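Next come two complexes, and both contain chain A; in the first it sits with chain B, in the second with chain C.
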Partner chain A sequence: MWVVVEEVRKSFKILLAYPVEVVFWIFSPLLWVIPLVFQGKALIGALSSTPFGALAGTDEFIPYVLIGAIISTYMFSAIWSMGNSFRDETYYGTLEHILSSPVRPAYILLGKGLYNSILSTSFVIVQLLICVFIFGLEITLVKVFPIFLFLLLLIAGLYGIGFMAAALTLLIKEAHGVLHMFEYVLFLFSPIRYPVEVNPITRAVSVFIPLTYALIALRGLLLDIEFNFWKNSIILLGIDCALLPLGLLIFHYIEKRTKTRGTLADY
Partner chain B sequence: MKRGEGSTKRVFHYLRAINAENIKEWKIELTYKPDFIRQFIEPFVYLFPYLLYGYALLGGRYSEHLKDMTGIGDMVAYTFIGYLFIGFLNTACWAMGFSLRKEQWYGTLETIFVAPVPRWVYVAGMALHSTCHQGLIMLIQAVVITTFFAIVLKMGGLFPALALVLLMLLGLYGLGIIVAGLTIALKQWWVVSEALSTLIVVVTPIAYPLAVLPIVLRKASMFLPTTYGIMGVRHFMLGEQLAVSLPTIFLRLAIIMVVWLTFGMATFLIMDRYGRKKGSLSVY
Partner chain C sequence: MIDNGAITVEGIYKVFKKGRSDEVRAVDGISFDIKKGELFGLLGPNGAGKTTLIKCISTLLIPDSGAVRVAGYDIYREPLEVRRHIGVLTGGERSLYWKLNPVENLRYFAALYGVPRKHVGDRIDYLLELMGLTEKAGARVEKLSSGMKQKLSIARVLVHDPPILLVDEPTLGLDPYFARFIRDFVKNELNRKQGKTILLTTHYMDEADELCGRIAFMNRGRIEAMDTPVRLKRSMPQKQVLEIKCQGAIEKEIFDRVPDAAGINITHSDGFVYVRINTDNPEMILSSMIELIQQKTKIFSVRVTAPTLEDVFVDLTGASLRNGK
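Presenting the complex of A and B:
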């Protein structure tokens, strides 16, 4: 437990050395929504669309894409921050030190996962507050608990993927391209920017992505769209139960393999 | 005569160095083949959400409202042309901006900086490589998308459209040089790149005409080469109605190109001198 806490503390210290990054990650997801708002205005000439409502459950496309952008913060964090977490240690020259310390590497990984979860959740809270105070999004207190429940279920599943990404960078070092591929799949096939029902391929692939169920539930809660609470919770829980142990297992196997082959310090 | 021979020799010397930089970049990129292939997939990944979002909003491909504003009703063709040329923005911000940081990681920045050529030669080499690479990516994207979505382009407008793209490109390379220069001083280059490219994407009429932007953003877009480049290309290739006349577009684009390139080179040289004076060239 102490190792996990220390890892979180260390990561926050490093982050605070680059304060511009904090500002960037708070505002950039909101900025990415702006072109979609203008595109909607240009295509429809209004701020609501009936065909969009038939697919998404709400005619109003701005809150829909806004929530998608905010929640995608977790996707970027799981893929990029987790994926690069051990790669960064290689750049700092500290990878061998932390992996040769007398603790199980899984705890270090969990520490990095916890740090990224806290950080992403802080970003998401600030972004939601911006939406509440500037864009007039309404969140009643009753909804706060289910929102956090779904966020927790989402984080667990995505960090399962993040653990695999971290392991991958230990194995193939310049995993930039592979991480991009992870991002592309999640970005294209989950309902971040558009309802996946618009295309049969996106609809079929989205079934396997935890982000899909979390976004359905969170949009349902925040925008009062009808959704099946228990179905989405159980599916997310099932995905978490599969992805988390799988992520840890893959990390354990690859970490052992790189140590055995002596490629841990390779660039 | 001797002086003339000397300057010709020097020009050839510089051209060789520019080409060497271009070849070196191709060699490095081809070493990481999966990543090289990925760069050809990336434009599709970022274009499709715009298209699918458009389909979801319209329940189809054609928009009456867009047609009233621009003369083009086909949302796919409109967005595709806009998005196709914005690829050069990513090249300028990421490939050129990232170039010096990469040399730093490889540990070769000091080595290339002591080569007997001016600094701009290195930047020109990067620009040449970026143009070739992005041009190839765009060509593949254009062939795939026009075939898949059966988009008919006005081929008669191809040459004036390419002339506009050339001017836009040179302007964008001014931006790339600014980012490359800032990388020397501000080591967190990617925040600069990402912030700049995000803001430019917002105010550039990629998937929407300028008319939908608030007045402040519309004014800001007038200083960007991408605004005139994309509007002009869409006019030549798809027949978009223009709010600004064509000679004005060419003139403004030429002015923007000169200003951005001059400002870019000045920023780069100042940052380069600053970095060497402070001894921070090799600092991470």
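Presenting the complex of A and C:
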């Protein structure tokens, strides 16, 4: 496990060499929330709505969207940072040296995933504090343990998606377009900006996405909305159990394929 | 486990598909073995298949067929053991994290190679001292010169003290001072003093001649000849080389009708053209050669020398080490 710790340490040191990047990652999720708030206000003339409440379980639009935006930081992180991590190593010129070491690449990706989770969690805390003190978001932090439990369950599932994203980048090299599409699909079918109950298709697809259950639970815990704790945690655990091995399996297959085709370090 | 064999390669093939029908035979049925403690050179022009072969041996590329054992371990079945016993050094500057300092780089690679944590500090201190980088220990890699970066790359490769080193074009892009240092270090420190087995690939004939106990000439994915540098040079049918230094454009074809001229190699360096002709009778062909060349270019000097490895390579393959044609 030392290599995982060193991967985290290395990634942080490289990140801190680019301080502007840190500021960008803290504020960008909030910047895309504000237009949504204005849009909601323009559409319904207020920031609370009864039809919205019937679908979302809360009339308050701002807290709902803010929490969706903040928690989706983890999703961004899994798709982009883990997905592009080996591409970054190719850019540094270190990928072949990492892959010719006796460490299984899964441990490297795990280290990168852990680094992203720590980074995302610190950003989430900063974002929540900004929301509380600037936007007047009211959250109940008495249920700290369940909040962390659901975050852990969410992160584990997203690692599986991160492994798949890393495999995809290894395979097609320039995966920005596909990763964007991946991100948009998750946005469309997860209750980040709106309740998925608004449309039968989004509701049907959302049951396969871990972010759905994590957002239901975390909004429930942070905004005191009623939800089924056990149902959401068990489903999330089940999705994790499927996504993690599937992500590793796909990554292992793609790694072998690129080693056979000789395209490992291409980019 | 093979007791005295460090690397054994048996009939390996690697073909890359280019488009629907085209394919490139990068490694075309190569076999050789390298003994423990040997400094073995793979010499060939760019595109000969040297790097592909190194990648197969280091498990970064899966061959289409054939067998490779490294330190007694099979690359297909025991890739992690293979990687534990090798260090891969490549030329060029980008094999380190430029935003980290040398200590941070070495600590990371020590973790990758499973160096016990309690030994890492001492190992890093030793390697920085060995490479003369102690004073630069806290400086970001991006601030180091190209030569220092290559020294740090060597320290990186040695961090887990591997018995076998795969060294791919180690002096590529380095100035003569650092290139000299790297050559001396590879030969005297790593091979002679530390007893490491080294597989060196290069397209610099002088480098291979100076460093290697045995050399394999590689061209178009095949090994054309393999022996000690001295024996390879002795094996050439023509025992002398006529070298004409000139300036201007010159085509190889103009020498087609010169009798007693075997391999002809034309290279360019420092604004001059060097025409080297393998021959047994330099005096016999001298006048006809000068006449031919003077029609096209201005001659600066003419001399007769002993064959170099490049002359042997040209004689064997008809290709030049420098441009692979």
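The rule is short, and it goes like this: the second predicted complex is superposed on the first by the 261 of 267 C-alpha atoms of A that agree within 3 Å, B and C clash if a C-alpha of one lies under 4 Å from a C-alpha of the other, contacts with A are read in each partner's own complex, and residues count from 1 in each chain.
One rule holds in what follows: a contact is a pair of C-beta atoms (placed from the backbone, for glycine too) under 8 Å apart; a residue touches a chain by one contact, two chains touch by 3 or more.
Bear in mind that the values here come from a model prediction, so they are computed numbers and not experimental data.
After superposition onto chain A, the partners chain B and chain C occupy separate space and fit alongside each other. Of the two partner chains placed by superposition, only chain B is touched by A:Y184; chain C is not. With both structures placed on the common chain, the touch criterion links A:N199 to chain B but leaves chain C unconnected. Once the two complexes are overlaid on the shared chain, A:A17 sits against chain C while remaining clear of chain B. In the superposed model, A:E6 lies in contact with chain C only, and not with chain B.
Put chain B and chain C next to each other and count what each touches on chain A; the higher total goes to B. After overlaying the two complexes on the shared chain, residue contacts for A:G262 are found with chain C alone; chain B is out of touch.
Contact with neither chain B nor chain C is seen for A:P105 once the two complexes are overlaid on the shared chain. Using the contact criterion defined above for the overlaid structures, shared-chain residue A:G57 touches neither chain B nor chain C, since it reaches no partner.
When both complexes are overlaid on chain A, the residue A:G68 reaches neither chain B nor chain C.
Chain B and chain C never share a C-alpha pair closer than 11 Å once the two structures are laid over each other. Comparing which residues of chain A touch chain B with which touch chain C, the overlap is empty. Residues of chain A touching chain B in their complex: 18, 20-21, 24, 28, 31-32, 34-36, 38-45, 49-52, 54-56, 61, 65, 174, 176-178, 180-181, 184, 187-188, 192-195, 198-199, 202. Touching chain C in their complex are the following residues of chain A: 2-3, 5-7, 9-10, 13-14, 17, 92-94, 96-104, 256, 259-262, 264-265.
The part of chain B that touches chain A in the complex is made up of residues 32, 34-35, 38, 41-42, 45, 48-50, 52-60, 63, 65-66, 69, 75, 79, 188, 191, 194-195, 198-199, 201-202, 206-209, 211-213. Residues of chain C touching chain A in their complex: 14, 16-17, 26, 52, 55, 58-62, 80-81, 83-84, 86, 88, 90, 92-100, 104, 107-109, 111-114, 117, 140, 156.
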